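Take a look at the structure below.
A, B and C label the chains in the order they appear, each numbered from 1.
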Amino acid sequence: MGKYIAKRILWLIPIVLGVSFIIFSIMYLKPGNPAQLILGSEATQEAIDQLSEEMGLNEPFFVQYFNYMKGLIRGDLGSSYRNGNSVSAEIAARFPVTLRLAAFSILLVCIIGIPIGIISAIRQYSVIDMVSVVLALVLASMPSFWIGLMLMLLFSVQLQLLPPTGADSWINYILPCLTLAAVNLAVVTRMTRSTMLEVIRQDYVRTARAKGAGEGRVVMKHCLKNGMIPVLTIVAIQFSKLIGGAVLVESVFAMPGLGSLLVTAIRSSDTPLIMGSVIVLAIIFTVINLVIDLLYAVIDPRIRAQFAK
Amino acid sequence: MKRDRQQGLKQGKFSAVWRRMKKNRTAMAGLVILIIIILMAIFADLIGDYNEVATKMDIANRLMAPMKKGLFGTDHYGRDVLARIAHGARVSLIIGFGAVLVSLVFGGAIGATAGFYGGRYDNIVMRCMDIIMAIPSTILALAVVAALGGGIFNLMIAIAVADIPNYARVVRSSVLTIRNADYIEAANAVGAGTAHVLARHIIPNVLGPIIVQCTLGIGSSILNAAGLSYIGLGVQAPRPEWGNMLSEAREFIQSAPHLIIIPGIFLALTVLALNLLGDGLRDALDPRLKD
Amino acid sequence: MSKIHTILEVKDLRVAYAGSGERVQAVNGLSFGVQEGECLGLVGETGAGKTTVALSVMGLLPERTSRIESGEIIFEGRDLLQCKKKEMQAIRGEKISMIFQDPMTSLNPVLTIGEQILEGLELHNEEKKSREELIARVHEMLELVGIPAARYHEYPHQFSGGMKQRVVIAMALACSPKLLIADEPTTALDVTIQAQVLDMMSQLRERLGMTMILITHDLGIVAEKCDTVATVYAGEIIEFGTVEDIFSGEAHHPYTKGLFDALPSLVSTERRLKSIEGLMPDPTDLPAGCKFHPRCPRCKPICREREPEPVQISQSHMIKCFLYAQGEEEMGSR
């Protein structure tokens, strides 16, 4: 088990290397000279050349990548082209907002989506099931930012109950979290439902009934644990969508998180900031996936057995 | 005569899928909605000329409510919303179909070769796909757009790049399951060549899951494109696109909520239609999978 | 002959499945009784309705797609079909246990085998025994079926097929049920393991004084392990008798005879095995008259029109066929 965890953590290294390489390459292809960008349009060619030299922009691609990675290992992601601030510091300042947003949303998704999915499966073709199936289909078809706008329209503009923008208190988080949860809720509910439907039909569930187990016990003890692995997988996948969605939702509700930082960075062609935010987001996502992979082992003895080998 | 029979078999399979589709009411509803939106996109210029109506400012008639001027009213520059929706449909559909086509071609080629040849090649390629998948797709698309700049074509590429691993995986896994299926071994055993096995057995059987993935993929590509346009990194004004229409309308959420409601409904409806169709196709292609 | 206590009696049971527009008549007015302590074999082809009968007794028919249309299932003087859900739960596992066909899938992969055996004991713990006592009972059960008690904490995937079926048996017997229903308990196992498991089952049955219904399509197993035999065809019992009646008696239903002719025999000089012509009738569209008539080599005109009544050949032997009917019904033969 310990060996497996170590192996999985080591796998983080090629992922981070690969991700940073891809992002670095994409950014390298970006037209325009950063030195020009920093100095503004009135700078002389000499000044631009001098700054390019200082920044190492004339070095070959791999040398630049190597230098960047050296910084990354020390936690130094360079400094913003716009204001010269440390990228790491900027990200650290914005990170808590995104983390809160994502964590609350996924929590909301799990505590609402999974029970509804289970009830839908147990009471297949009941009213609850029908409603949840239709709702899931409709919600999954809506763009997250539009759901955000509609919630804003309803709760902030029409009812004037909740603030439309900002991140000053927990009240500001209600609408963004609901928005992010809504889209992902649909997928998790559907997945839970179909997984549970499959599990309920398994022979071992019939065996449990043959032992005299009641409906509640059959679901809680025999179905849940078996159904949780596919559900966890989908939650992990949804988390990636959630991080992507957070970028949009932060824009809608003007929340100062990593996503809006990234958007401003892109708008202002601030390459170090773009790269830093993307790499940090990718690392967060990878770590979450790692945690979920480890959870599989806790749930399923067969997976645990594979690790032991 | 042999060819005739094979033709007949193929037609038989297609019509069987179609027959099952026709019975599925929600899938047919999706198909109808999709056809209406496609027609709207094709005949957008009849609904309102691009230069004369969809992008022509008319400040005197700005922020008109639906039915007061035109079916869907006007926006903050007095442009007709219906015409903009129709032209936006064009952009959204082009990006949706285009992105799926691009990722299908690249992802399909990668997945099919990985699945077919296996071994070290498979291992390396799929590890690379894993790495790409470690980047949340919206974020990757954002990064690509940041590098390439906005515009319809770049947007299409950006969205496609992020989706390539998904297609590679779907294609690879269907190739793998089929490659190991008994009937392929049987075909090999009677001495069928690689090309023959590919053409006669693998491709027709891989087609099902891929068609489903594509149908659902068009929907998510449209959503992604709208999202990128919403934050101002996709299709640029004045060209109307559902995402950037929503972005422009945000300021007027109090005075003209219809500008937010209408494009969103069209987005949701298009994606819903594609999802219904995709689900219906999945059930029709493989009736065993249903629930 | 001493009157023996009838532990289970199924009377005129009719069960239908309704799925996607089609109605499948799985069990068609089937009746039989099992005496306490004996082993009844239910034989018949796949799809004859044997498992449906077993699931009806257990009250485990799929709720939404199946319907019991008529009949009674009397167990210890109570009609199980009238029992409430809670009452059935109390009976299942405690008084009546069932062993399912495929041991590979009938154990929960995420629970240890010990936990799974323990579960039944916990559910039917009327005497309020402590957990330690129950666990001791699990150990005892494991040893009884030939599994070291030390394997309590292992998971199903760590066991072979035969060992898994032993676990399933331990699970079914944990509460010392009065009646055990074994649905093709060895079909999914290797031939070499089959005999071991069967021998163990019959030993345990004798030791615990249990009544058993053994569902199988293997006549060899029936001859070896059963006291009475019921031949099931298209949801009906067409012949019922003691093992001697069925295996050595003179009179047989043409279908039972067909089953025997399809068996290889060491003494027979015949070159080829006979098979029964045709297929099981489509349960969505059963033939009129005797359900077997389209395949019957001795079919008479009356068989196409009327359903045969059960005929008592001897006190223990029943056959449902016009060949053995008395009087006017014999007019078909010339």
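Throughout what follows, a residue touches a chain if its C-beta (ideal position, glycine included) is under 8 Å from a C-beta of that chain, and two chains touch if they have at least 3 such contacts.
These figures come from a predicted structure and were not determined experimentally.
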Next on the checklist: Following contacts chain by chain, what is the lowest number of steps it takes to reach subunit C starting at subunit B?
Outcome noted: 2
Next on the checklist: Suppose chain centres are the mean of their C-alpha atoms. Which chain sits farthest from subunit B?
Outcome noted: C
Checklist entry - Taking each chain's centre as the mean of its CA atoms, how far is subunit A from subunit C in angstrom? => result 54
Item to check | Gap in Å, rounded to a whole number, between the CA centres of subunit B and subunit A | outcome: 22
Next on the checklist: Give the residues of subunit B touching no fewer than two other chains, as numbers and ranges.
Outcome noted: none
Item to check | subunit A, residues touching no fewer than two other chains | outcome: 124
Checklist outcome for this item: Interface with subunit A, subunit C side, in the complex: residues 58, 60, 64, 85-86, 89-94, 97-98, 100, 102, 105-112, 119-120, 123-124, 155, 157-158, 168, 171-172
Checklist outcome for this item: As the complex stands, subunit B meets subunit A at residues 127-128, 130-132, 134-140, 142-149, 219, 223, 226-227, 230-233, 243, 246, 250, 253-254, 257, 260-261, 264, 267-269, 271-272, 275-276, 291
Checklist entry - Which residues of subunit A touch subunit B in their complex? => result 14-15, 18-19, 22-23, 26-27, 29-31, 124, 137-138, 140-146, 149-150, 152-153, 157, 194, 197, 240-241, 243-245, 247-248, 251-252, 262-263, 265-267, 269, 274, 278, 281-282, 285-286, 289
Next on the checklist: Which stretch or stretches of subunit A touch subunit C in the complex?
Outcome noted: 124-125, 202-214, 217, 221-222, 225-226, 299-302, 305
